[in-house]
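Below: a set of structures, written as structure tokens.
In the two complexes that follow, chain A is the common piece, with chain B as its partner first and chain C second.
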Partner chain A sequence: MTSVAISTEWALTIVVIFGLLWVSFGWWLGRNNKTLDDFMLAGRNVGFAFASATAMATWITSNTTLVAPQLTYQFGVWGMIGYSLAALGLILFAPMAKRIKALMPHGYTCGDFIRKRYGFWAWIIFLVVSLCYAFGWLVSLGMAGGILLSALSGLDYFIGMSAILAICVAYTLLGGLKAVIATDFVQTIIILCGVILIAYIGITDIGLDVIYNNVEDKSPQLLNLLFPAAIMFLFNNIFFGIGEIFHSNVWWSRAFAFKENIGKKAFLTSGLLWLPIPIVTGFVAMAAFSLDVYPESADMIGPLIAAQILGKVGAIFVFIVVFSALASSLDSLLAATSDLITKDIYKGLINKNASNDHLFRFSKYSILVLGVITWLLCIPKVATLGSLLNFTGAFVASTIFPIVFGLYYHRLNGVAAAFAMGLGTLCGLIAYFVIGFYVAALTSCAVSLFICLIGLAVKDQQYNWQQLQSEE
Partner chain B sequence: METLRRFCTVLVVLASLVSRVTVAEDVLTPASQSSSEGYYTLRWEHSSSNFQRLEVSSDATFQTISVEYPVSGMKGISLTGYQDGTYFFRLIDDQQQASNSATVVVKHRSLSLAIILFALGFSLFVVLIGVLIFSSRRRGH
Partner chain C sequence: MLMSYFWFQILVYGAVGLAALAPIILIALVIIDWHKEQLW
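Presenting the complex of A and B:
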């Protein structure tokens, strides 16, 4: 079933209206940005409601709206549960956010922490890991925009992908983190209403028993709790989600930006609210067998089913929901990656004496350049969203234990942390190609923990926590 | 006798194929001829025929069709949830003519490997939770 749900004209109209809305909002919010702190960290003054909304909206992304249905369609029950447990990343980051804010009240990026805590080489490896992940996620989000427009309206992939990237780059450039957080708040409300409505109509119109019987009849493996690849996928996805959050500057920048004592509550709340979302979006994919709707590419299943359930008007609603979900993550990632490039690469390696005013201007250029590079990487559409995203799992899961041990224990030294991240990533990539994407993060994390434990046993670094508060 | 029976079977298969296959080129192609996960993609991008349905059978002669998928207007399909086995696919167009048949062999990964990895994941998770709880409490005090 590929008949498009809405006309190309409608799709373009929605993109233009929402584009203008977000860009104007971004400009309005950013008009008072005077300092680097204002632009990068929203003045370090974000309250509980905005903090929870931005954490939740950023985590509702192509993962939850496109990849969660895709992986439920491919891995069945375990795919759905495994995806929802990615919420553990947000929940477990809650106490860490408090610790980060306490250790580095004037910090800007996660790179700051790794450099001061572990030294130069661990920092370089971390930057490589972090940037590979950031580009993997950015490209998957850009691709998701193109796939969404193509699935729902028949609009060319290239145009859809270019449109969503241009809009997000424009308002992030104009408003900085303030615009990102404020648009995330509005987008969260749209997403929650949309997801609940789609699930309600799906269950009442089709019926749980009908959905179950059709899956059992046509794709019985999806209900099999001893489905080998799906069992492997479960903990892999949990560690992938945890790795994404623990290492990424998207979340660290929020920990720095939230008011004192807000981070822990905000991350806990957003994690608990996020938990059921992939169950709902994933469940939608199970209706494929009852509706006789099958996608050409597995990552198109979510929007196709939702459009089929809700009809033409509903398809417009679905379009807005998924568009909001993508924008809320894309803007956050652009802002956070630009921070990392500005503070860690430009100031850390290229221009150590750059003033904050200079960095303020540089961070805007870097958002623009990031947008262009992402656009170029999205053009060939080299993989499905699920496999592209999980490729980065090998990178991020290797950082989990070096970060946790680095935040709480003074024993772990930089050499062990660097080896843990480097070898963990390497082994994760080998597992990705030899076995499959569903074991990459797990392998990477296991190897990384093993090396960290050796590092803890061999040498005590006696790290002085005060060094984290120093300017350089 | 056995040879004669095999010969007859081959003739029946050929007759069945000749009677239905009029599309000369191999339009239906699987992305991969084997799957370890029970999901796979089939494509027919290079055909101008208006195919209506995709038939799935567990025998090469398509004597019994196990599932049919509606594919009108599509150029490919992503299928999931298949158990171990060899599956044969062919497309039927609006003139009831069949395409070439494609074969996909599904052989799931070993369950024991999956359980070992599950146990490894669970152990890592317990370690992580333990470290976080213990460390947070210690720092709190």
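Presenting the complex of A and C:
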């Protein structure tokens, strides 16, 4: 780290003010939540504007503001282009959201779909994959909170991480998905204005030509269009992004929550609006060579450069932007993972006769417990954000084809889907440790596809789509 | 093969321009939904 940009007092003041704001907003929005549908799925009645904003805000995570610059710093232009192609996940999920709502108008989670479509064992494997990813992302976000406060204000990592987690748990607990979606809209506007301002000042104060020339002189491989690891990362990130969205209950719960005929256009709009954001946040990292900023840890490069460009007042602004980005994803993930625990694990495995009122209360406890577990996992700061996130790529990419075939093609059976997810994840993890993080998702996805194709060739399940609606 | 300054400019300016449109579009959509009473 080069220097601390704002004082610890300022950082704490911002956290307290925004914390109170989000928690009060969450309480106000959640005061009319009476049923499980209200709490988990915002009454299944979210309009186009909020639908687009929440999809976009959730996909603009701390990783977009911290990891996109980190990857640009490591992989150059392919790093930021590769990250921006994660928008394909949102764009390709658009028609799937329509299909999901049509097939399961009363569904709650992606686990519901896997259980009804593929049976018990595929469902169990899917839950393991999904929860590993959810905790990987939750920990990555919690760690990002601590890293942000530490990088910008010198505040102890433990205190910063704890504060951000506590705030997000509080307003998600009070307001449910409605609070998550409404705060997402406000947070999206703050994030977008912030990243555009930082990019604009970076271009006008330093100059795009100066940034380019310094990169060309000091680290030309970042402009190399044939940088092998970077190209591999680009393809890996496409499949990782698609896998993250296709399998995660964060996105499925939104597909269930949006009004009829809203899902497709909302996801398409959010994907197109999200596409340029990693390039805007990422290219700023290239200014490191012009400003002589050399961070201790690569994932601090974005906030440090932004603070350097904007000065002390600007650093406060940067702090608010990244804090909003963290909250917009953390709240969504807490709500969606709690849904999965409540509906799939608790109702599906432990208490099959639980009423919706009982589940309503249980889901609130599960948000609290999830927050505590995440906090415990974040205490030992074990990995950089990028490597932790890419580790989960091995898990999620294995689910892409079982989900796509499961939604659109009656032929794939549960055994093939279970093997595709299990072996795909295993091979992805082997590739992660033997070759590198940039091939984990790619390997996992390829193995999973191969097994799905074998399954399709060997047996025709002739699945009846009506079964997806039968148990609700 | 290095990316030329021309393409670097196109990439960065294009992304910043598109990103600048996003908050305007989102606020306009909310105003429209709010007028139609279709926010929720």
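Some observations on this one:
Everything below uses one rule, namely that the second predicted complex is superposed on the first by the 470 of 472 C-alpha atoms of A that agree within 3 Å, B and C clash if a C-alpha of one lies under 4 Å from a C-alpha of the other, contacts with A are read in each partner's own complex, and residues count from 1 in each chain.
Please note the rule applied: a contact is a pair of C-beta atoms (placed from the backbone, for glycine too) under 8 Å apart; a residue touches a chain by one contact, two chains touch by 3 or more.
As the structure is a computational prediction, the values presented were derived from the model and not from experiment.
In the superposition on chain A, contact of A:Phe135 is made with neither chain B nor chain C. When the two complexes are overlaid on their common chain A, residue A:Phe158 makes contact with neither chain B nor chain C.
Of the two partner chains, neither chain B nor chain C is touched by A:Trp27. In the superposed pair of complexes, A:Pro220 makes contact with chain B and with chain C alike.
Of the two partner chains placed by the overlay, only chain B lies in contact with A:Phe239; chain C stays clear of it. Of the two partner chains placed by the overlay, neither chain B nor chain C lies in contact with A:Trp121. By the touch criterion defined above, A:Glu296 lies against chain B but remains apart from chain C after alignment on the C-alpha atoms of chain A. Put simply, chain A uses residues 220, 224, 226 to touch chain B in one complex and chain C in the other.
On the chain C side of its complex with chain A, the touching residues are 1-3, 5, 8-9, 11-23, 25-27, 29-30, 32-34, 38-40. Note for the complex: chain A touches chain B at residues 1-3, 73-76, 92, 95-96, 99, 215, 218-222, 224, 226-229, 231-232, 234-236, 238-239, 242, 292, 294-298, 301, 400-401, 404-405, 407-409, 435-436, 439, 442, 445-446, 449.
Those residues of chain A that touch chain C in the complex are listed here as 42-43, 45-50, 52-53, 56, 77, 81, 84, 178, 185, 188-189, 192-193, 195-196, 199-200, 203, 208-209, 212, 216, 220, 223-226, 259, 269, 273, 275-277, 279-280, 283.
Chain B contributes residues 36-39, 41, 67, 69-71, 73-83, 108-111, 113-115, 117-118, 120-122, 124-125, 127-129, 131-132, 135-136, 138-139 to its touches with chain A in the complex.
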